[in-house]
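Below is one structure. I have some questions about it.
First chain written, first letter: the chains are A, B, C and D, and each begins at residue 1.
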């Protein structure tokens, strides 16, 4: 399916934002779902690449999908070179997204993990559900959309590895601190939504277990098809495997096995 | 080696002209030589692509190489998208070019075969050697540089398969006609330089044998390296093989075996 | 005049030579959003075993130049669930169904074949003796001509359905295992399954796949597949289904010209789930342009 | 501290593990415009035969996805011309030279080895028993463990130079031919030569290569090569030189980690004649970043 780039913006040195016209015939993407894109003819790279739904809005009735990505390899490099008007080969939306049905939502992201959480924040503003966001990253250039999240009414805390923005350290530190100060009742009301590197998600899994908070995580194993055909994107779950592209990419933290490789 | 695109121009629907800044350190390309270019990271397509030296001039002392190519596949497609200022990964110049030492030169081209002959015409204008050009092609859009060849003082005849420009038919028809009207003495003075599809070159080989004229042809087998490393670009010669990239791409018509596959 | 695309593999008649390969199109139903699978020559479903199998631990896949490695380990829902949940829907759609299956030993193969025999809606069986991922069975059987003969003969005795045997390319001479399968009663040969390969994550110094070695598929292996189809075609008078790295109609034509009666699209389904429609149209256009009335006239037409 | 890149294969000591593969760098001299070949671990020259050979008819090469097929047919200038015209220049440059050679029969191999023995400036021999293009010898010897043993033993008896044996991947189990070569006295194994492949020009319906079948090289085959290096490393205690589809330093590291003592760059030389310099620098940078003092500590460090 060829969609059309509507706008392109470099957010920081390594991150690009694309807006894509969303055709009326397609199902409206849900927060936490993803699309599969490709940029080249030829067979290297071979696979499409998954990118989360970063944002979705309607401009005069017409849908606009936003993608936010880190420029790391051939596909994201090519994507970063697309100008408004260029075609984008995209399939989706795929997968199961976040369930946003808690009284209070906390977003926890590492680096590009903020991509799918942003759309959640937009929806929360609409429904008025209280929102906090914990953004982690390597350095200031890896902390994204902070201002917009604040604009959406989120209380935002930032941590970077090198201290170049927010506090120095891991994003799980302000998270733990905030959790430890919650009353048992508030804890029961809070739902964490986390997206980031596996190490961070594993740490979050440990933290929510200790503090007794509910959490959903969005995982990102390699995906060949994004649609349940290859059975390649498995993640370990108690007693078996789950397909990230079909049963996820968003899982209840308790539905995954965090001790597997 | 990364050179810089200086200018880009679409000549007809299928043909693009690129000008490239030629670094002072490199040997000046000779007519009939070629360069090897590539446009993509990744390994599909794998090989560089050979392109003939279409033109070479000096603009305020600095060398400018021109390439003229037909847009047929991934590399030429990418090349056609390069804008002035873009880098071009190029190796060369490679191969042995045309020997331009006759009293009169006739150029015979089929389609993109005009690419390397154009530079010959420019040099002939400098030395004042009389020049005729026979340009063949599928249709009007495949007849290139006609006006500039005239400007260089060549007498130009055109034939197209569909008659959309010049006479309808094969380029070898006006060529034979012209040859048949030459005196024996003029024949001995004429050197044909031909570039085009294998079928055309084979026809030219037959014609020059009949009419007893000298000829050089530029051949274009598939090339992996362009520099004598792979031994893949062989063309059949009496008693053995020759490497197009090293012993050619320009050969005396008699040095090749025109009956081999 | 529209060219005639019908092909025949033993008693199996197919309206056209474009199939989807096992393990790359689920149970066929997953492909429906991208085009009606009843328009395919046939769909070859994910390899079934007697009991459901949960497959290998992750990571199971990795991308390689113009290819990919997989060690799915033949994860499947098992024979019963297929018959109960998938087959009725496939019948309802009118799709031609080829059931790919594998077993841990010769008895498994025989039992599977017997259970599938005569089931309404199954058009043929494809016996996978070439999967490199399962420790028992699989690779060992498929690499030894005598073992191939015994396994195929056992299955042959248990079913009247058209029987395809899918061969592994990881052998010194594909003609030997091909001949063994032919002599044991196969109606057709599917060539090829994946090549054994491996990749390393150099940053962690761990294998990219948990199972270390996996199966290489995609355009990277196409030259090997075309070569084997051609070699077997020269040696053995049995219809061949070509498979391995088909990305476009041009690629499918390579196989047909080299001697394949039909083709299967595999890895390409992951990237282009509707590519089979283009491939089919491309074959038809080619036949038209080159003035072939029947696709069967093109098969094996290589001039050499 | 700059890491120590020295490696050793039997008695052959090399300053670093980056070599150029036979048939992809001419006689070494052709690479000089792109970097001083004395900086390489070694250069492996085009396969020599006793007499000059003019090779196969064209077309000899075709591009495939992330790879290429060739049927050069071992065109070479012959032993005498090499010794007279090329070797003195290579010696003058100070390059380490490994002579790749092949014969039509066992006697040829022995005679070649004997003639090369003790020639000043030749650092090792690489015996090509794996070329798929020559009708006599080549492929037949390299695919049968007993034949491998006999041929290698014959050569071993004729030379005191370090002897590498280059194996064909077109076998069911690479460990068997590897073991045969080891037991017959090889000092090291080069893995792999090309996979047999084929392509068809669908417009003309002719094979893309005049010889129909050719050798597949390039990144497409890398997963197969890495797998074979790893398999042989588990089975046999002999140094391995890994080869097949190396395009970048990362790819070379895959081979080293999987168990290769050194690597050869082949097809990449056609596109990037100076890539070996980047590969060497990339290996050095990796060792530094991962705090390896010696490249030998990296070799076979795969955690599995």
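As a working rule, a contact is a pair of C-beta atoms (placed from the backbone, for glycine too) under 8 Å apart; a residue touches a chain by one contact, two chains touch by 3 or more.
Computed from a predicted model, the values in this text were never measured in an experiment.
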>> If you apply the touch rule, which chains end up adjacent to both chain B and chain C?
In response: A, D
> Which one of the chains is farthest from chain A, going by Cα centres?
Replying inline: B
> In whole angstrom, how far does the Cα centroid of chain A sit from the Cα centroid of chain D?
Replying inline: 46
> How big is the gap, in whole Å, between where the Cα atoms of chain A centre and where those of chain B centre?
Replying inline: 54
>> Please tell me the distance, in whole Å, between the geometric centres of chain B and chain D computed from their C-alpha atoms.
In response: 37
>> So the centre of each chain is just the mean of its C-alpha atoms; given that, what is the distance between chain C and chain D in Å?
In response: 34
> Tell me, which residues of chain D touch at least two other chains?
Replying inline: 64-67, 218-220, 247
> In chain A, what residues contact two or more other chains?
Replying inline: 42-45
> Line, ring, star, complete or other: which one describes how these chains touch?
Replying inline: complete
> Across the complex, what residues on chain C touch chain D?
Replying inline: 64-67, 69, 143, 170-173, 195-200, 202, 204-207, 212-213, 216, 218-224, 226-227, 230, 245, 247, 250, 253-254, 257-258, 286, 301-304
>> For a test of understanding, state which residues of chain B touch chain C in their complex under the given definition.
In response: 42-44
>> Show me the residue ranges of chain C that touch chain A in the complex, using the header's touch definition.
In response: 23-26, 30-31, 54-55, 57-68, 70, 72, 75, 210, 218-220, 247, 267, 269-271, 273
>> Taking the touch rule as given, give the residues of chain A at its contact with chain C in the complex, in rising order.
In response: 38, 43-48, 91, 221-222, 224-225, 227-236, 240-241, 260-261
>> With touch defined as at the start, can you tell me which chain D residues reach chain A in the complex?
In response: 65-66, 219
